[in-house]
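Chain IDs A, B, C, D and E follow the sequence of writing; residue 1 opens each chain.
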Amino acid sequence: MTELFMLSALGLMLSLFLGLLRVLLGPGIGDRMLATQLIGTSGVGMLLLFNEVFNQPALLDVALLLALLAAVAAAAFTGQQKTHHD
Amino acid sequence: MINILSSILILAGVFFYLAGSIGLLRLPDLYSRLHALTKADNLGLGLLIAGVALQSQDLLIMLKLLLVWLSVLAASATSAHLIARQARRQETGS
Amino acid sequence: MLTTQILYALAGCVLLALGVRGALLHASVLLRIVAINIMGAGVFLLLIAVAYRGPGLAADPVPHALVLTGIVVAVSATALALALARRLQVERDDG
Amino acid sequence: MNSAGLIVFDALLLLSIVGLAWASLATTDVRRSIILFMALGLVLAVAWGRLLAPDVALAEAAIGAGLSGALLLAAAHGQPSPLPPESTNAPRNHGAAGMGMVLRWAITLLCAALAGTLVWALLHAFSNPQHDMLPRAISANLAASGVSNPVTAVLLNFRAYDTLLELAVLLTAVLGTFALGQATPGYRPAGLVFDGLVRWLVPVLILTAGYLLWAGAHAPGGAFQAGATLAAAGVVLRLAGRTRIGLPVGFMLRMIMAAGVGVFLLVGLTLLLLGRPFLGYPPAWAGSLILMIETAAMFSIAATLLLAFLGGQPESTDVNAVANRQREEDPRC
Amino acid sequence: MADTPIWLVALPLAGALAALLLPRLATAAAIVTGLLTTVAAGVLLFGVATQGALHYEIGGWTAGLGIMLRADGLSTLLLLMTALVVLAASIYASTYFRKTYERARFWPLWLLLWTSLNALLLSGDLFNIYVTLELLGLSAVALASLGGKRAAVEAALRYLLVGLLGSMLFLAGVGLIYAGYGTLDLTVLARVLEPGPVAWPALALMSSGLLLKTALFPLHFWLPPAHASAPAPVSAVLSALVVKAAFYLVLRLWLDVFANVITPASANLLGLLGAGAVLWGSWQALRAERLKLLAAYSTVAQLGYLFLFFPLLLALPAGPDRDLAAGGLAMLALTHGFAKAGLFLAIGIIQQRCGHDTIRELDGTAQHLPATTFAIALAGVALVGLPPSGAFLGKWQLLAGAVDTGQWWWLVVTVAGSLLAAAYIFRVLGHAFGHRPYPNQPVTVAREEWPALLLSAMAALVLGLAGAPVWGLLEIST
């Protein structure tokens, strides 16, 4: 079973890597944000698999935290700051 | 039996992940990428989580896994919305 | 000697050097701040690699604690630097 | 297969780390650089997990994925994008540009030499048998430390003095931002979709923070991760356009800012006056004292990180500080 | 008595919290804290003088597992100097900052700065030193930016970024040491470190980080603007103590912890950079148009002298000659600390009373502010190194060491630097004593002026006469 988890982690790594290419290529900010989202989701998946491979239940908490904060990046990026005159 | 089922689920999940990222790379414009990606990675993560959950007997862990999935679902829907809105705003030039 | 340890420590060194280069060469204050943070990430990578003992073994907790402290310190410094940068922007706009 | 797979995995992971760091520093567009830096934070969280450092991974997930990026982006809002290269500093002429080119290369070479030397030194350091004296001493004394998570034991007991000073650093940074001016005015309402998310995300984040604080004694987690998570809840509220994000003002705010260092110091000095060493907890009490310190530290950390995100003093607490900033001088000579 | 080291950290930290929580009583809290901390520093000095070096294991954990504070002759002397300088500057600051909100901002940061200085001087652990360096850097930057004007903010930002770069390099060195030796405790490291491919790069990394922070030529570029644009009491402490704290660490690492790792070539390099600092700093000070800038460049030069000692100390065999030279180094550092603090406070008074600090327009200052001008003259005596100042003793040992080890070129640098120093000091005094036909009424404002006077007198008169006890204390090492 460990080997299957490892193989799947490799698959997710590949997916992260492809997402990375999109982050680097852009062209727009939106594309980069979207790809960052994919990197985050792949990261969550990998942490879940590692949790099984290395028997580290705490990695589940890490995955949870990443998942909870996944929307913060997009919100921080698209949020419009008020000006002082608003 | 459980092992086989969870293997199938996890591999399917990885397949959807890969499909999503290839879509992200190959599709021509932001909106189509947006649609492809949000569907693929939610489904991928969902299947993966189902596979991992089958391996654990602990109810607390299963609940946590469910929470992970739900929050990724919500987050990805929200960010897709925010990104699309931002892109539209830039196109209309306001 | 563990391959994993060496690989990660090596990446840490590269990040450190990239960060130093960015901090020295960038004109924009924000980019310099990002560079210094990347430099910090390099040092942290190095420390965590030092702590690693292999897949089945418990890692050395001391570098982990040091890195946690380092992260807090780095965030504090970043916050102060950003506040200074913002203030400078205001002063520039005014004058 | 297993170890070969791991090595391929490591190689890809490190390639993405280095690639993201390089790309983030290669651009002069501030926003692009920040996005890449945030992506780097995500990948680093995976790397910490891979290197069996879950405590660090938790902190990175809270800070790297959430706060750092939000902090940087909030500061980047006032910046023109992309920034014109080197327009703000001293004006340059063509001769200076040539010099600049030489300087660039000199610095690049210097950094390459730095990395090379460091790698050389590390290879030597790793070729010696590993030093396990300290980890062994920690496991031997873990029972007396009051907690069973060795990282928490190091942070809150064996090297508690570092953590006390670290909290002082955090306090200093916020006092420094206070001295520089008022908080930014905040965000426009982000719309219904995000609001819907916020409505359940914030309570879940607060619960998670409590869980992490409690878990820190026996599993990865602790005051800092919990505080950062709590601060993230405030950041989310502010991004959604709320004006009230759970921070008090005035004296209460100062109390919360000071609580982390204060409780820590109070415990240390009380023990000193009782004839024990500074921060030398009696083993029977260690667990409760650590939990007490961590709880106070969590609130302080959350408040200070949130204040750092606000970028200054929340309004209506200080006298019209910015307006009165200029001190009167009397030119009499 | 044995607990005194931790009180030296805990007292100012507690004071900072009190000043933060009770802004209206901040000044009183700060002065009380200052007095208590100074008493603690005196008690520590007495303890070290009578019982030898003190060690304090925090939390009761043995060094290595926990963190140990160490107080020996050198660190105790510097702690006492820190206490006296900060206390005097605090008294001056209580008149300098007049508005409530200014005080509410200033005092907590000020006491945090003091905490970090004491913690740094006492620290016996490499990573703990990193944390204290960051606390020192951030509090110093926050205080330097209190001027609020654009120049101050710009200088503070550069100061911060340079400082962060320095501390990250330092931390990388610490990581390397931990990878190679598995410990962070200075005493243990001094025993186990050996020359080789781990110790050399580690020392190089840590030293370059510290040299950046101590502003050794040619890494000094950030110092003059930051020190010249900060509020006067802050400038005094930045110049007198903060850069010296980083220098103290260089000294500790090179002569104590890494003693058998360093090579003559590297010590000569430090000496060479020091020589550059002496000449360049003095020259720039001579050309400066503003008093504060002059004082800041003079700091660059004076730090250079301290680095001139490194090649001498390495060439001298262990024994009385070496101890004498090391004492000269300490004496020079102490004198500069007091003199520069006194000078900056005096400049602050001129700036506030006259509204400017342009050297060319100082004529008549001696008639208007006699006590302040006298303080500047006393500080000048110490900066040039005339007898009976402590700097005279220090420079004398520097010259003696240069002759003894046959490195006459350092002698040339020292003499040239001292002549330049005399030139820039007399340039100021020449203007200050310049006659003005219709001078302002002579003013003496005791509470503002006596801290500057006392500090300058300490440097020019007291330290030179207290040579013997200082040398005696320095022999107490860990």
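The criterion applied here is as follows: contacts are C-beta pairs under 8 Å (C-beta built on N, C-alpha and C of every residue); 3 or more make two chains touch, one makes a residue touch a chain.
It should be emphasised that the depicted structure is a prediction, and the values quoted were computed from it without experimental measurement.
Novice: Give me the set of chains touching chain D intersected with the set touching chain E.
Specialist: The common neighbours are C.
Novice: Which chain pair shares more contacting C-beta pairs: B-D, or A-B?
Specialist: Between the chain pairs B-D and A-B, A-B carries more contacts.
Novice: Suppose each chain is reduced to the average of its Cα coordinates; what separation in Å results between chain B and chain C?
Specialist: 30
Novice: How big is the gap, in whole Å, between where the Cα atoms of chain A centre and where those of chain B centre?
Specialist: Spacing between the chain centres: roughly 10 Å.
Novice: Measuring from the mean C-alpha position of chain A to the mean C-alpha position of chain D, what distance in angstrom results?
Specialist: Chain A and chain D have C-alpha centres separated by 19 Å.
Novice: Going by the touch rule set out above, which residues of chain C reach two or more other chains?
Specialist: Within chain C, the residues that touch at least two other chains are 9, 16, 19-20, 24, 33, 42, 46, 50, 55, 62, 69, 73, 76-77, 80, 84-85, 87.
Novice: Spell out, as numbers or ranges, the residues of chain E touching 2 or more other chains.
Specialist: Residues 127, 131, 134, 138, 141-142, 145, 153, 172, 176, 179 of chain E each touch two or more of the other chains.
Novice: Among the residues of chain D, which are close enough to touch at least two other chains?
Specialist: Answer for chain D, listing residues that touch two or more other chains: 6, 48, 52, 55, 74, 118, 122, 125-126, 130, 132, 134, 138, 159, 162, 166, 169, 172-173, 176, 180, 184, 190, 194, 197, 201, 204.
Novice: Help me check something: in the complex, which residues belonging to chain D touch chain C?
Specialist: Listed in rising order, the residues of chain D that touch chain C are 6-7, 10-11, 14, 17-18, 21-22, 24-25, 28, 30, 33-34, 37, 40, 44, 47-48, 51-53, 55-56, 59-60, 63, 67-68, 71-72, 74-76, 78-79, 83, 85-89, 104, 107-108, 111-112, 114-115, 118-119, 122-123, 125-127, 130, 132, 134-135, 138, 150-151, 153-155, 159, 162-163, 166, 169-170, 172-174, 176-177, 180-181, 184, 224, 301, 304-305, 308-309, 311-312.
Novice: Please name which positions on chain B make contact with chain D in the complex.
Specialist: Per the stated touch rule, the residues are 67, 71, 74-75, 77-78, 81-82, 85.
Novice: If we count contacts the way the header does, which residues on chain D are in touch with chain B in the complex?
Specialist: By the definition above, chain D touches chain B via 190-191, 193-194, 196-197, 200-201, 204.
Novice: Where on chain A is chain B touching in the complex?
Specialist: Result: residues 1, 4-5, 8, 11-12, 14-16, 18-19, 21-22, 28-31, 33-35, 37-38, 41-42, 44-45, 48-49, 51-52, 57, 60-61, 63-64, 67-68, 70-71, 73-75, 77-78 of chain A touch chain B.
Novice: Which of the residues in chain D come into contact with chain E in the complex?
Specialist: 117-118, 120-122, 124-126, 128, 130-134, 137-138, 141, 157-162, 165-166, 168-169, 171-173, 175-176, 178-180, 251, 254-255, 257-258, 261-262, 265, 268-269, 272, 276-281, 318-319, 321, 324-327, 329-333
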